[in-house]
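Right after this note come the structures.
Shared between the two complexes below is chain A, which pairs with chain B and chain C, respectively.
And then the complex of A and B:
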């Protein structure tokens, strides 16, 4: 039972990081990405390959995952710097589809549909941290570091500049903001943080394949941000708690047959999103 | 003769078959307020967009203190000391009043505050000064989205004041203001020109134009038809007829 709780909490921490990283793009920079699972996936594959080929040190793996996802964020920057609004959403959707195809077909790097197996237990400075309790602690510390960095960045001129771009790109430019550079930096930061989440995810599952990085996963992360509160620090974490704890809570309700939990869960997600958008469009933690 | 800060020669732009601005020659002189007048669609805002780099001219040139600024990006032109406001204000609506002004003057960096704490304190002083001048100090922590119409107009001006830019391009800055607010607004513009700021403004209100403008450039269908002191331009029956919609055939 305690291990089950740990596993849910670990996923909450990992998805809390992923949703917070997406919030840098959506909430602060106004870049409405629906391809975030791709960068989560790049981080997962890069971290997993590093652990298989070089070292199972979780810190080094996270750095490799972050750097790889950060570099690949330039792929998202190409459409983001050229098109806005719904056109960018369509371009990001295209990137998501291309990303899934590459994950499925690049066997040498990703293991194809079969994925990468045999990821070794995580270590930290030579110490085994793969037990459920210790790994949860590692993920919690990583989440705290990412949240601190997001908070710090958004309180600096960089954060204000991003928010000015989000509110009005033309006005931000007319006050000296180099919009392409700032958007590219925001994407690098957001995607690098997603890479950290991906690496932790790979170590947690000890196996990665394309199924974890599909369009549905991108939408799940977006739902966490929207439900929790776009452009708030705590919102994405709250969103992750709500969306990941729901299936677990439902499994404890005796009159719902286990085979129907998925259906009930979908119904509750949909209803929750609809009610929130009507009564609290800024999300649970958002300002009214 | 005043010192020419910004100069346009033969400036033109076409949108498909429409010549939105046609061979406009104009100089903005230091400390002088030039009003752009003309009916809707005359090309006034388009001219601003050409100066600020939001649009690229089909032909002609724009020089700032003798140096060409044509082809530069809007953020580069802004950093050269040309600030602009927009007809629809384009405030950073979800940010506070203070942050709206602060973000307008701070160079965006990444992990550090440019210039350290001393520079940030200096910028905060500029923000406080701009808010005080525009009467927004008490609203500094309010979000821009919650301001009244007149307050948004003053915030739009506060952002420009704080930049310390020497050239202001203002697109209908006083439109829709009540008489009291308008008087305050005009006095702020006068204060700025006394400090040597050069202003070019688009204005439809003839009272504001006569109160503030030293010169009026009259545009119609992309062409500059006249430029002179307000007394002459506003008494030209042909221009007035165009302005009030009795366009010459």
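And then the complex of A and C:
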């Protein structure tokens, strides 16, 4: 039972990081990415390959995952600079679909549909941290660091400039803000954090395959941000807690067959997204 | 012969894409609402037809019912989801998330009641015959070509000639001006949703008949419609139809060059390329920044 609780909490931490990183794009920079699972995935594959080939040190792996995902963020930064609104969402969708195909076909790097197996237990400075309790602690610390970084960054001139672009790009530009540079940086930061989440995810599951990086996953992350509250620090975490505890809560309701829990969870978050947008677009943690 | 065979199945797929894309493009062109729940309309229509067919309802009645359900859903979205959000001046993204949430809910409801797997309506129309040596064609191809031509001619005539059609085109250009000429933009918005949702019905039925329909088809339909609308040029119905057709054909023809797993990705590569290098699409007017 305690291990079950630990495993849910670990997932909450990991998805909390992923959702917070998406919030940097959606909430602060106004870049409506629907391809975040791709960067989460790039981080997971990079971290997993690093652990298989070089070292199972979790800090180093996270750095590798973050750097790789950050570099690939350029793929989405280019359309983000050229088009916006519906066009950008469409470009991100395109990237998401092509990304999934690449993940499942580039056997040498990703292991194809079978995925990468046998990821070694995580270590930290030579110490084994793979037991459920310790790993949860590692994830919690990582989440705390990332939330702190997001908070710091958004209070600096970088964050303020970013939010000014989100609210009115032309005005920001006329005040001398370097819009392309700021947007690219925001993309880099957001995707790099997603890479960290991906690496932790790989260590947690000890196995990665394309199933965890599909369009549905991107939407799940987006739902966490939107339901929790776009552009707030605590929102994405609240969203992650709400959405990830749903399956556990639903399993206590007797008349739902266990095989249908996923479906019911999907229905609830879909309905939540729609209802919140109509009645409370700022989300649970947002200001009215 | 392989080429001809693939071309034939490409045209078949392309017609389905063209029909769904036309609905999406019409709604988006006239109302500027990014109706991503369009895929949900598709599965609602498809499953309505399937269910009625299963209980033995005569097919024209089942078709009518599918139209009724699709239109009802489209109008429901317009009235109870998009209108309240637009009234509170929600951004494009708010509309997107709300519509997406709705399509997820519909998909999971259908999945709950009908299961995840694909369902198929069997008819003699899908029996392939050897038309030329080595070329197998099913009568459904001819049927869908004829239906598509009829549908597009009707839509074209309606948009070109009727007052309401003119109104729809005016709505896309300037809703404010439209109001001051005494036309009702709310009623025209509903009209756009009625026609747009109805356009998806033949495609849904053809899919249910030819390759089978499953709850997850909704996402695919939405993505393809979106891709075709952008590749064709936003605001151009003709462009969306042509782009849908072309995407369907390309998707099938690339099989001669790359593995089948890549065929779907090719559509999205085309979309990505268009967004990067020609965001106005094939027939679109200049994109407003």
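We adopt the following convention: the second predicted complex is superposed on the first by the 288 of 288 C-alpha atoms of A that agree within 3 Å, B and C clash if a C-alpha of one lies under 4 Å from a C-alpha of the other, contacts with A are read in each partner's own complex, and residues count from 1 in each chain.
Criterion: a contact is a pair of C-beta atoms (placed from the backbone, for glycine too) under 8 Å apart; a residue touches a chain by one contact, two chains touch by 3 or more.
Note that the structure is a prediction, hence the values are computed from the model and not measured.
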Exercise. After lining up the shared chain so the two structures overlap, which partner does A:161 touch, if you call chain B first and chain C second: first, second, both or neither?
Worked result: first
For this session: Have a look at where A:153 lands relative to chain B and chain C in the superposition and call it first, second, both or neither.
Result: first
Exercise. For A:182, is the partner it touches chain B (first), chain C (second), both, or none of the two (neither)?
Worked result: first
Exercise. When the two structures are laid over each other on chain A, which of chain B and chain C touches more residues of chain A?
Worked result: C
Exercise. Which partner does A:254 contact after superposing on A: first (chain B), second (chain C), both, neither?
Worked result: neither
Problem set entry | Touched partner set for A:79, first chain B, second chain C, both or neither | second
Problem set entry | chain A residues contacted in one complex by chain B, in the other by chain C | none
Exercise. In their complex, what parts of chain B are in touch with chain A?
Worked result: 52, 54, 73-75, 78-79, 83-84, 86, 90-95, 99, 102-114, 143, 159, 163
Problem set entry | Residues of chain C defined as touching chain A within the complex | 28, 34, 80-81, 84-85, 88, 90, 92-109, 111-112, 219, 223, 226-227, 230, 234, 259, 261-262, 264-265, 267-269, 271-272, 275-276, 279, 287, 289
Exercise. Where on chain A does chain B make contact in their complex?
Worked result: 152-153, 156-158, 160-161, 163-164, 166-168, 170-179, 182, 185, 231, 287
For this session: Could you please specify the touching residues of chain A with respect to chain C in the complex?
Result: 26, 32, 78-79, 82-87, 89-91, 93-95, 97-98, 101-102, 104-105, 215, 219, 222-223, 226, 260, 263-264, 266-267, 269-275, 277-278, 281
